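Read through the structures below before going on.
Shared chain: subunit A. Partners: subunit B in the first complex, subunit C in the second.
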Partner chain A sequence: MNIIACVKQVFDLQQVRIKKETREPIMENIPLTIGDIDKNALEEGVRLIEQHGGKVTVVSAGSEDLEETIKEGLAMGADEAVLVIDSSLDSAESAVSAVVLAKTVKKIGEFDLILLGEGSSDNYSGQVGPRMAEILDLPLVSFVKSLKVDGHRIQAVRSLDDCMEVVEVDMPAIVMVMSEINEARIPAVTQILKAGRKPKQVLSLDEIEVDPAEMETKVETLSNLAPEQDRKQVIFKEDADTAAADLFNALQSEGFIGR
Partner chain B sequence: MEKFDVVIVGAGLAGLAAAYTLAKDGIEALVIERGDYPGAKNVTGGRLYLNPVRQYFPADFWDNAPFERPVTTEIVTMMTQENAASMRFQALEFNNPPYQSYSVQRSKFDRWFGNQAAGAGAMLVSKSRVDDLIWENGKVAGVIAGGEELGANVVLACDGVLSLVAEKAKLREPGKPEDFAVGFKEIIELPEKTIEDRFNLLPGQGAAQLFMGSLTQGRFGGGFLYTNKTSLSLGMVVSIRDLMEKQPPIEAPVLLEEFKQRPEVAALIGDGELAEYSAHVIPEAGYKGIGRLYGDGILFAGDAAGLSLNIGLTVRGMEFAIASGVLAARAIKQAFDRNDYSAASLSVYQQLLQNSFVLKDMQTFKEAPHVLDNPRFFTYYPELMGNILKDLYSFGQEPKEGLVRTVRNRLSFSDITGILKDAWGGRKI
Partner chain C sequence: MEFKFTKEQELIQKTAREFAQKRIEPIMFQIDEHNELPDYIPKEIGELGLAGIPHPEEYGGSGADYVSYVLALEQIGRYSSGAATTITGNNLSINAIKMFGTEEQKANWLPELCQGKKCSTFVFTEPATGSDMKMLTCKAKLDGDEWVLNGTKRFATNAERPGPMTVFAVDDQSGYPTAFLFEKHCPGYTISEPWDKIGYRGAHTYDVYLKDVRIPKEDVLGEIGKGFMILQQNIGFGKISISSLALGRAQGALEESIKYAKERVQKGRPIAKFPTLQSRLADMAAKVEACRWLLYRLGYMASNAKTNEDRIQLAQQSALTKMFVTPTSLDVIRDAVQIHGSYGLMKGYQVELFYRDAVVAEIIEGVLDVQKILVGSSLVG
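Our next item is the complex of A and B:
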């Protein structure tokens, strides 16, 4: 079977620091990586191929750093990468990403299953999957926590607020996975080395025939600040016994313990 | 099992210098780094003496290196509980390139260095940890990383001061607390102009300030401060033995916090924003602390070999790492040409190090750890200096005493004998 896993290049958010005065994130020198849940999507694809045979193609759109970032995906077991590279794509909003990815998928042509993460690590809009399903006119199964393939049919367990829903659908289809579906593998050294030699197709926006009108941004970011953290800044300096008692009382009066 | 010419453990300065040199010589080198990228886990106080290692690289190699500031001003500050005396040294020569030393931040510098090594053809794999060595007939024949066996003609261990590889190879005795210090520092961000104003620097110049005396509360060690482009590296280095044994017990972060609250320091870092906190173990045993440098199929470089030197006013490690990495690569090249990776063949590494500044400097200062391990340097002298200066600068209601008498009041006959004794001990360095 042919699986396409769509992943997004994001800043490694664990390494982003917040400027105290302005609460702005400092993005300077932050390494790029593949989104966390995107890795689960790719991992699921690789596992299905290991079980049923076939090929996983990792698809992504972003700035030119993507050629380096995607090596991680290839090391995890994708057979090849198809990338759309354009400097405008790193901050692309969900609608644009969906168009670009859908057109890339069309260009690839043959596929049975498209896998995505439930949301990206940075914006977590959760929109790209549904929008792609609409553009490509494919069935969409979201919030998937486990996935089985049987012939041309997939069976997915959807994790909803108050229940589990089991869904069966014929391929081709789009599946959005949740992080609990699997534990993404840490690639072995030789896989990382081989990743650099795996086939990589780089496309421009022209080559996938994106209309400039489709690239138009409709979302305006008004502010991107860390939540305000109000620290009480209380220090208990007395001996351990008194300090422990005072700390306990303080936590209790704030309603954190002993309710 | 995949096999490589050379597997280098650790993308620090030693590992990357070796990888770059090997790649330039056309030898296949795989560097395995545990951090997310080279430099992600590497820590320095903040200063690289570049001059000793310039010779090992092309003349224009360092032109685009992400240095912070060249050090053009040296400041030494002696502190007591009540006062501080500073000496500021500037030499016109320090103001002009080639600069002899720079402040650096490893997360930026090592990442750049990694790109140079990769650009030269070295293979660099991050986010992977080496867990063990592979042995064949008593020789090191590769490494195990993430459960995977990777064969190698020779393994170059550049995995830092607490080298796991050395431990696994049973080539190193477990360390003793007295042979190590712990360095801990903060990166405090300030605007470029503020830094230049506070340290009396012209744009692009940098300062290095060392602190000794009461800040370590009687423990072997001192403080340091380096100016970066838009931040200060402020930290302390303290003997691990003293931290464990000296009474009353005090924790390293508390020492640093109290140091920061000293008005002399607070004025320098005021309004700064804490950006980073890091700590690192430093080999302090000097020449006698140097571990095994090579074995059958294995070499050690940088901190993993114990190549680090504290002679009080300067603490050097990074240039030893770079030089030993390059020299290890040269030794490997010779072994490669002979197709002989036995200990005897690799022993040329020791000779290369002995002919270089690395082992020469470490030999010259081999008594330094012993001489410096004298509590008087951390308590008595700063206090003596502070007290004399205080008497000279203080004005009360009493008539002022003559200068010589003022000094003599603070220096008894036994004080002078003590100083002479320390000076006699210090003749060895």
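Our next item is the complex of A and C:
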């Protein structure tokens, strides 16, 4: 079974601080990593291979730092990496990423299953999977919280707003996983050190035959600010019983309790 | 000169941090209160390759370097020094066996130690003997093809767990200390109840009684009568461990202080807004950074210590680092307790636990005054 796990290089969000005056994120010296839900997708691929045999290829597109960042995915159990590296991919929007990843997958050729996270850790648009499905003309299963493989067929449980849906589909297919599908493994030290020695293919945009017109950005980012957290600063100064009742009423009127 | 880690070093640091946050932080107070480390912690440490970070793959180690070792211990020490002793205790014996063991001893002991499947004990202290090797009373007598060991060893870490023991005793052939390497829990080997320590809880410390313990003649580590040299060259590595944990603890105290100061409101505003408190935090941060870079440099030196001369130089620099890092870490934690006020004295607050561990760190692997003597004497020649 050949599995492709698509992952995105993002800033380590745990280490991003916010400039208080402007609400802008401070991105200097923030290490790059693989997105959290992408790790769940990769983990699912590695687990399926451990059960059914085969190989996991981790695929990603980004700036030249990606060659280092991808070592984390290889340490987590991917057998090989195929990367598209170009400085223009550093802040590529979903439509561009989908084209580049789809063309990379075509270049790889044979595969049974493509796994992605439900959304990237930074933009979380959730568009790359559906766009790839359209370009590659493949069935797409999204919001997947558990996955089984039986021969050439997969069975997936989709977590929807008010129900669970069980679907089956023949491979090849694209599956977008949710974070609760698994707990991504912590890579062992020995695997980290072996990661750099695993096969890695680096491609250019020309090699995957991307048309410059397909690289045109259609979305303009107007601002990227942390949400405002205005505190109401209500103080209940009455005796404890009255204050408790007032607090309850205030929380209820804001819709936090008693809904 | 470039202050930059390799991607592998960053990832090893991340592995240690994730493991510590997910598996150790939730039970850090439980380990301390019950003075007990759950068996799954050493097992998972072994599975993640954290028990043998700087040792070669051919001996079952992970094949990384001492900078990675420092980075990993810093992360684990951030939450529990007791849990980290699974790594640091083994590291002492692994180094000694790696440097001075025969190929047979290396093959026999190193893989299981590097993979955390066994816990070693490395002990020279006796009831009346601290850092002075010349005062050893533990004796080894050659009887045909066997050594017969008699004596009492004090403050032996992990003496209850299965694995090898490196023990120092004066042999009757040379009249000098010799290192012996054998499996614990052999006939004649008994241990006391664990000492009830102030800190480093979860890592048990015992007295070990050796009464007519008979071991094969070949179970000598290194040369007969050369125990002092083994100790001298190996002890530097032990001080790296203790200092790395002290760094993690100081970083933890700083983080906890910042968090507390932002939450604690006095006179209508968080105490983090008070200039005096910010000044105290600034002092703490500067001290943590000073410790950090002294240690990372020491990790680099340890990775490149190939010759006996290198290792003697490393031992001096390890003493200097421990002499600075462990009391500085205690200073930072004392500041953290001050910031927490009375809460800092209470169980269930990390800084209270750190304070007790920091007191231990100043003492073990050689008290401060001894470190100063080592450093001072090396300066004047």
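In this section, the second predicted complex is superposed on the first by the 230 of 259 C-alpha atoms of A that agree within 3 Å, B and C clash if a C-alpha of one lies under 4 Å from a C-alpha of the other, contacts with A are read in each partner's own complex, and residues count from 1 in each chain.
The rule is short, and it goes like this: contacts are C-beta pairs under 8 Å (C-beta built on N, C-alpha and C of every residue); 3 or more make two chains touch, one makes a residue touch a chain.
Note that the structure is a prediction, hence the values are computed from the model and not measured.
Overlap between subunit B and subunit C is detected when the two structures are superposed via subunit A. Within the superposed three-chain model, A:N29 lies in touch with subunit B and out of touch with subunit C [touch as defined at top]. When the two structures are aligned on the shared chain, A:C163 is found in touch with neither subunit B nor subunit C.
Judged by the touch definition given at the top, the superposed model places A:A240 against neither subunit B nor subunit C. Touch criterion met: A:K19 reaches subunit B, while subunit C stays clear of it. When both complexes are overlaid on chain A, the residue A:I186 reaches subunit B and subunit C alike. Shared-chain residue A:E68: touches subunit C; no touch with subunit B.
Subunit A residues 31, 186, 188-190, 192-193 lie at the interface with subunit B in one structure and with subunit C in the other. The part of subunit B that touches subunit A in the complex is made up of residues 2, 30, 32, 36-37, 107-108, 111, 123, 125, 127-128, 145-148, 150, 273, 275. Taken in their complex, subunit A has these residues touching subunit C: 31, 68-69, 71-72, 75, 186-193, 195-196. Residue ranges on subunit A touching subunit B, taken from their complex, read 12, 15, 17, 19-21, 29, 31, 186, 188-190, 192-193. The touching residues of subunit C, counted against subunit A in their complex, run 7-8, 10-12, 14-15, 18-19, 22, 47-50, 53, 57, 62-64, 68, 72.
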